[in-house]
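Heads up, the thing below is written out as structure tokens.
Chain lettering (A, B, C and D) follows the sequence in which the chains are written, and residue indices restart at 1 in each chain.
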Amino acid sequence: MKTQWLDDVDLLYPTLVEWRRDFHKYAESGWVEYRTAAKVAGLLSDWGYEVKAGKKVIHEHARMGVPPLAFLQEQEKRALEQGADPKWVARFQGGFTGVTGILETGRPGPTVAFRFDMDALDLEESSNEQHLPEATGFRSINAGMMHACGHDAHTTIGLGLARILMQLREHLNGRVMLIFQPAEEGVRGAKSMVEAGVVDDVDLFFACHIGTGPSLGEVVCGANGFLSTTKLDVTYRGVASHAGARPEEGKNALLAAAAAALHLHGISRHSDGASRINVGVLTAGSGRNIIPDSATLKLETRGETSTINAYMVEQAMNVIRGTAVMYGVDETVLVQGGAQSAEPSEALIPYIRNQAKQVPGVKRIIDLQSALGSEDATFMMERVQQQGGLASYLIFGTTLAAGHHHERFDIDEDVMKIAVKTLVHCALHTDQLTPILHAKP
Amino acid sequence: MKTQWLDDVDLLYPTLVEWRRDFHKYAESGWVEYRTAAKVAGLLSDWGYEVKAGKKVIHEHARMGVPPLAFLQEQEKRALEQGADPKWVARFQGGFTGVTGILETGRPGPTVAFRFDMDALDLEESSNEQHLPEATGFRSINAGMMHACGHDAHTTIGLGLARILMQLREHLNGRVMLIFQPAEEGVRGAKSMVEAGVVDDVDLFFACHIGTGPSLGEVVCGANGFLSTTKLDVTYRGVASHAGARPEEGKNALLAAAAAALHLHGISRHSDGASRINVGVLTAGSGRNIIPDSATLKLETRGETSTINAYMVEQAMNVIRGTAVMYGVDETVLVQGGAQSAEPSEALIPYIRNQAKQVPGVKRIIDLQSALGSEDATFMMERVQQQGGLASYLIFGTTLAAGHHHERFDIDEDVMKIAVKTLVHCALHTDQLTPILHAKP
Amino acid sequence: MKTQWLDDVDLLYPTLVEWRRDFHKYAESGWVEYRTAAKVAGLLSDWGYEVKAGKKVIHEHARMGVPPLAFLQEQEKRALEQGADPKWVARFQGGFTGVTGILETGRPGPTVAFRFDMDALDLEESSNEQHLPEATGFRSINAGMMHACGHDAHTTIGLGLARILMQLREHLNGRVMLIFQPAEEGVRGAKSMVEAGVVDDVDLFFACHIGTGPSLGEVVCGANGFLSTTKLDVTYRGVASHAGARPEEGKNALLAAAAAALHLHGISRHSDGASRINVGVLTAGSGRNIIPDSATLKLETRGETSTINAYMVEQAMNVIRGTAVMYGVDETVLVQGGAQSAEPSEALIPYIRNQAKQVPGVKRIIDLQSALGSEDATFMMERVQQQGGLASYLIFGTTLAAGHHHERFDIDEDVMKIAVKTLVHCALHTDQLTPILHAKP
Amino acid sequence: MKTQWLDDVDLLYPTLVEWRRDFHKYAESGWVEYRTAAKVAGLLSDWGYEVKAGKKVIHEHARMGVPPLAFLQEQEKRALEQGADPKWVARFQGGFTGVTGILETGRPGPTVAFRFDMDALDLEESSNEQHLPEATGFRSINAGMMHACGHDAHTTIGLGLARILMQLREHLNGRVMLIFQPAEEGVRGAKSMVEAGVVDDVDLFFACHIGTGPSLGEVVCGANGFLSTTKLDVTYRGVASHAGARPEEGKNALLAAAAAALHLHGISRHSDGASRINVGVLTAGSGRNIIPDSATLKLETRGETSTINAYMVEQAMNVIRGTAVMYGVDETVLVQGGAQSAEPSEALIPYIRNQAKQVPGVKRIIDLQSALGSEDATFMMERVQQQGGLASYLIFGTTLAAGHHHERFDIDEDVMKIAVKTLVHCALHTDQLTPILHAKP
């Protein structure tokens, strides 16, 4: 059997490339992946998956960093114009662009979930002739949106995996779930799927990323060292007044914001590990001679652990509130994103190693490697692990034309073959994990 | 008759000098004027005044800047050792060192009040041989206390006035009240006498100061331009922690105080007139490697009007509270002193001018002059004026050996003669004011 | 004779209205008054004035707040399209939109200068039907530029004055100079004309404003109380860095700017009079997770006197430099505007009163009135007075449809008649001032 | 032979206890260890060591945190009164209380150095009856000085080691050096001995500490994780002025210091590892109504590596200078202490393990353990390692009555036996290290 499906993946490869380039060309940023998610939902549905979409898999109030309604509506229209299936777009309306596909084998066994993110970055793609997507005609046609972090490939890998697993359904046990998540950039989307209960019954959880450093043929079984982070937008509202004639009647939002910036950067270090704070943007005031009545800050905290990040956020909230009190202004804080720290389940590492070992093209397998950065699949990993399940985060190395988030980012698409094959293996042999899973508390 | 009492003042003069030097030698700072007040009360009583003292004329909770109990007790003991009458000291126990003397003529007429302050400064008097009090043996023997603002002379003038008025009782109408107030320095005492109702029935109110600029023989009928002020002590309490090992467990009182200092100085100017803020003292922390758990600020606000000062205080309270919120520390604010702005009653200026005109030695009479500074008799003036009475604040010029509050401050004592005579005149001719007073709303 | 020219002004009035509405419709903001200045220069020249324009009357490096070159060029084009005479526009090229017209009588006598400002505000004019300029078709057609402070009328008054004085040339003595200044808004232009020497030989100087409070028929002979002011733009340049990965490599321009804002507002009050400081705009940073490498502040200082303002600026420069040192960033400070405090020459007040008295329609003459605000004609007044000349600033009251700088600002145009007549009188009777002027030091 | 000297240590033990209690009773804080150092120098000299003392082993200008001269002189007197040998005290005069003893074997071999610190803490020892030193009569009689960190035992161990090694001189090779260092508390003394060249020729270097966590019988071969640190005192000098009358004439040192405190705490984290900053003490101003003309800060920086600490210091200096510029005040920075980060030489760990293994009473040997804190022996370790030598820092566990720096700190004195025996072993078998030492670069 095994030989057979490995060949099938190879046969499927041209289609994977086609899908990936299609996603790339119609790049859609977080919460407006209408066309991408519609295509995913359509294919899963066609192949026989039980598809859940929209508010069934996205908890409305746990979404973070959702764009204004006008933008959402404009993007829905754009997606429809670009050929998205209206039936699915209707399900996603208002920025609920999540999809899950479930394959119920009817046989006893664990629930195995695979998670893929679908969103592009807010970035204008390079039109340089040397840039392959430009040269071969699949450069993003959506202004200011570009797949410069490989999520187009992630979505494609998820589809490839879905296609093959459906074929292999008789060889699977328990339940397989494919999770297609919106808005990973800015760490905005995963939490809303967790809060909708998507991973509540998951026993085995696999997330993955391509690129990030390792070369093509290298597989990391467990990425660790994710920094917990919180993204906050702060707005101060005060009272304007003429600075020469009636300065005492103003409530100075600019000074509240400036004070916040300074005092936020003064939050004490934490002895348990690394922490970070950055006020990246401050905008305040309207005219030279007017006491400024509005100010906004964009900031982020980070922590080596979720506890450290929580400490940073708590202190930050004190500073924000205190500065508002000082200047008699009103403050509003919006959480625009967040992620947890996470560690892969130790017991899963050798399992993944064993699966990757069997994949043609895999040249080197690394047990653990620090990820250095933030990722919101950590919310899902945390939930699965809290409930006794096992979770890991794989990295599939590939050749990069330029660094992540660069306007000339591009990948060696062969990585998609390796990723699909490794993940199919991970789905096929979960019986090897039975002893561990039965030992769940 | 007039000639007679003017001569009597001259006859009394050596006694005035003796009293003043006695007060000077036994200088007592605010709220511990036990010996001074006891002597005043004793003499007034001997002369036939109805004397009220202690809690009858001082409202306990309206006192500001009262020293710690231990200090009060130690000073009571000191005063007794320096010959204070135990009977009176008992009345003042606990820092209630106010006295009033009332002379009820039984004849119809207004209530006329004269106010004198009795306290010395927290200052070590010069032991320089050229300093007259040192040279002639009446330098303060109380360490760290010195009459460097002339209140020894004020108290003496009050006694001289009392002595003469009792003699002239048959020529007086209505009621005369002499108010001897503690703790004018730091503007701490007057409010407590006002709150005790001392000036509630007063129709005519006179306060005075010697020195302050004009030369001997110059009399200012109405000092104006008193700045309203509030003196605040702020304490922050946080949580100490080892700065290297557990910085995140600290609640940093030093940073709260430092932030307060900066933001207090950033309170906006007021377009209605001059304002001031000063954090004069900041003390925080105990060791280089400990997150500081305590900090104190001594600050003051000022305003050209009471409204402006109230604005400054309100803003300051916001800053103090906000900084505590920012750093998660507790704040305590103690009002240690305060004064109002005040203007002399316009109608009283020509009256005073007419009285001063008749006094030998008066060379120049100035209607109005800016006082530049703060004075808590303003609380009394405000209360009297609010109730339809008239009030003014006189200045009697004199030669100064050094500026006010200087360790070598000294006066030409002749000013006491001029002051007593002018004030006696003011008490004698209140019938001239009848038309105005009857016009009270 | 007198009756004659007063009638001539009335005959000219419809033309004045036409000119004013033309200027209003083609409103031009500071340094781009190409069309306005070209029309002024053309008319003065036609009438026989010796006209100086462009760099001859504007010192290049003393100009403040000049827009970017691209904007200047675009506006030159716009002015030409709107019918400006290319000959004159060429003289103004690059933002040198100043004009003077000189009438040399050949007879001995003083040099009398009248100054008018020509620029509009950066404001979109109301399109409300009730707004007269909209209703009658002379609303500004230049987007974002509007005569909402009456400088269209000022320019017209200047032209009316020029027209009549040329007619009366046989009745004049000495020399008459008409100064048409660009960029009064933001107090940017006057200094450059002073530095070009325009008022160096002026004996009598008159500036004026319409509106500002008094009603139609009221004339203020001398406005005083102008606040000295300085407008500064501050830019900080630092080094960007990833806030999570390499925070220590950043040089944080945002924090330098925030610190500057706080410490600028903490500059101590001045005991000699009112001062002001306002950071009206702060913009910093580019992305939430990037250490901000750039920041800009727009701020202004004010002082009741030029000395107080100079103190504020000096302190501000210390703060700006100190914050740059603290954060290791580079700072640039651009002076974008400035004005002095000024007092009208006392001797000129009765002269002006006497002239205004003779003008039909003048109902009330006020000697002095506080102007409350800043005005850069003060640079010219200061220079004239320093050299022994006399200077004043008149206000001609008028009915306003809405306050100055409001999108529905409009005036009663009759004020132009009153103003022209008063100023003609001022030019005609300078012999009355001979005794005073001869007494010049 | 071995058995013999081990017994000798046991025989010496009562004397060790006597010495330690004597040092404890006459506790002397940093730079005033006159009596302690005199006793050490006297004994070393008596036993035949070549003794160097005072300026020969202490570089004057590399000393940090030296007390004022008056205090030094007073303490010299105190030491003499407490029986210190005047001959040695003369050598230490002015705070040069360092001693080295050298034993030259005349045989080839490495130079082996052992370092011991001698100073007490600025702490009042407990007079609680349960506190053994109180109960048995050796509580510190020097007010405000207490051996609460075990340096009395360190000094004693050094003497015990010296005594035994001299006995074993025929069994030693090369050169043995015993270093007795002043002022380790506050990390003030080691650098001055390094700069005096004391460890320039050292091939093998051993420092040690008792207590700090491990229990009696546990030995740590190499403590690591020492934080690099710098201790700074900052003074600002401004100009005082009356806050009400002439605020603009002041130069506010309090605000400069407050600003420094805030901005110092805002220094960015370093991505290479932990950093710390703490302003532990801030004192500023003299009176509520005076613009403060002086302010002082006591602060410290730390870094996981010397590079990180250097970064913190560099940033701190920018902040300090910048705040002085902002407020127009003068700043002075004094380095009051400092230490480097350091790692034990890897090659030395197994050697020490082998020596400790042979010591009776040693129950557990730990190769490496984090020290968490700062220690200035790191300066010596760094110098030795830079020159190709090997260095380590041992910890000898013991039972503690209370934590280090606690007023009831006390130790189980048996640790001294274990320490002396381990260190004698370390001195005896240096031939085992010959291959490594010869491999020096």
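Here are a few things to note about the model shown:
The working rule: a residue touches a chain if its C-beta (ideal position, glycine included) is under 8 Å from a C-beta of that chain, and two chains touch if they have at least 3 such contacts.
The shown structure was predicted, so the numbers you read here are calculated from the model rather than taken from an experiment.
In terms of the stated touch criterion, the partners common to subunit C and subunit D are A, B, listed by label.
By number of C-beta pairs in contact, A-C leads when A-C and A-B are compared. Placing every chain at the mean of its C-alpha atoms, the farthest one from subunit C is found to be D.
Computed centre separation for the pair subunit A/subunit D is 52 angstrom, with centres defined by C-alpha atoms. Once the centre of each chain is set as its mean CA position, subunit A and subunit C turn out to be 56 Å apart. Look at where the CA atoms of subunit A average out and do the same for subunit B: the two points lie 70 Å apart.
Looking at subunit B, residues 245, 247, 252, 255, 259, 262-263, 265-266, 268-269, 271, 276, 291 sit in touch with two or more other chains.
Within the complex, the subunit B residues that touch subunit C are 262-263, 265-266, 268-269, 271, 274-276. Those residues of subunit A lying in contact with subunit B across their complex are 245-248, 250, 252, 255, 259, 263, 266, 268-272, 291, 311, 315, 318-319, 321-328.
Looking at the complex, you find that subunit A touches subunit C at residues 227, 229, 231, 243-245, 247, 252, 254-255, 257-259, 261-262, 265, 276, 278-292, 295, 298-300, 302, 372-374.
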